[in-house]
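In the two complexes below, subunit A is the common chain; its partner is subunit B in one and subunit C in the other.
Take a look at the complex of A and B:
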């Protein structure tokens, strides 16, 4: 299953709840303000960094750019994709769950 | 692949209308079919042709209309959500005694059954909202 998270972990618990329920082998795509969850060196970094062993985590590149965040600020292991990658992830997974 | 999209947030609110639009453009470019775009809750505000953003800003409503025309997209606005928010087509205007309609080209007003059908017919349903 593909999970999309569009809220910053600094404003919402949706990333935390998503990580608590996502099964190993699933994909998580951080979009919109959700990309703040991909940042290294924050109080929320540990929960996502721990999850990357069992779950593939992606961040939407255009949303990183729109917020002025270079890719080298991300937690290692998080892959950056464009909208084409978003479409590929949606098709590669049997379901898409949006955490709004 | 057959994809359906649901938009639950109004234009110029956060980012859902833009993300949904960009996703659909990328999906069409990759050769996928967009079965339907269903606008629900404040998402129905994507369908008013009276929207007039500043000229140097993106025109979210026109962008939907143009995409619909180019790719024969089915843009469906939920009737109950639309009535609450004053999104009206000619039939609804007549039925409710309104002096005007405001539905944008390419959009049509229908019911939740259209969302259920999209969920059944499409291979994936993606939800964009706040």
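Take a look at the complex of A and C:
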């Protein structure tokens, strides 16, 4: 299943709830304000960094760029994708769960 | 209006995800016409509004970050950024876009508008305001 998270982990528990319910082998795509969850060196970094061993985590590149966050500021192992990658992830998974 | 009041605009939200940051910025610029004692505070995810290097071309949204540079011309010369909020987000002052104002009492010298303050200092600043707006 593909999980999308569009809320900042500093403002919402969406990412935490998603990580608690996502099965190993799932894909998680961080979009909009959700991309702040991909940042290294924050008080929420450990939560997602631990998950990257069992879950593939992606962040939407255009939303990172809009917010002035280059790839070298992200947690290692997080893959940056464009809108085409978003579509591919949605097609590759049987379901999409949006943690709004 | 004869009496000058102390106004603080508190910004707590990240840019682009909601319309609050842009609307708040517009209210500050409009409010500047009323010649009050105005300052802005950026706390929590609001500090992301000042992140430098914002580029919205691919996402197709309006990049309103250059507008913050106009604040100095509107005599908004005190922009407080909470240090703890930066640290919690892995940011430093170097991540913020430089904002300046020109001091007419000092031969129009260009001075930095952004002041990094502690949560305790911000608490004191908040207490001394007459009017506080939240965005």
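We adopt the following convention: the second predicted complex is superposed on the first by the 100 of 100 C-alpha atoms of A that agree within 3 Å, B and C clash if a C-alpha of one lies under 4 Å from a C-alpha of the other, contacts with A are read in each partner's own complex, and residues count from 1 in each chain.
The rule we apply is simple: a residue touches a chain if its C-beta (ideal position, glycine included) is under 8 Å from a C-beta of that chain, and two chains touch if they have at least 3 such contacts.
The model shown is predicted, which means the values in this text are computed figures rather than measured ones.
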Subunit B versus subunit C as contact partner of A:13, first or second or both or neither: neither
Subunit B versus subunit C as contact partner of A:32, first or second or both or neither: both
Partner touching more residues of subunit A, whether subunit B or subunit C: C
Which of subunit B and subunit C A:96 touches, first, second, both or neither: first
Contacts of A:70 with subunit B and subunit C, given as first, second, both or neither: second
Which superposed partner A:87 touches (first subunit B, second subunit C, both, neither): first
Which of subunit B and subunit C A:62 touches, first, second, both or neither: both
Footprint overlap on subunit A, comparing subunit B with subunit C: 6, 32-33, 62-63, 82
Complex contact set, residues of subunit C against subunit A: 13-17, 44-45, 48, 51-59, 61, 63, 65, 88-90
For the subunit B and subunit A complex, residues of the former touching the latter: 1, 3, 8, 14-16, 19, 22-23, 25-27, 29-30, 32, 123-130
Interface residues, subunit A side, partner subunit C - complex: 6-8, 10-11, 32-33, 36, 39-43, 45, 61-63, 65-70, 73, 82
In the complex with subunit B, residue positions of subunit A that touch it: 4, 6, 31-33, 62-63, 82-84, 86-88, 90-91, 95-96, 98, 100
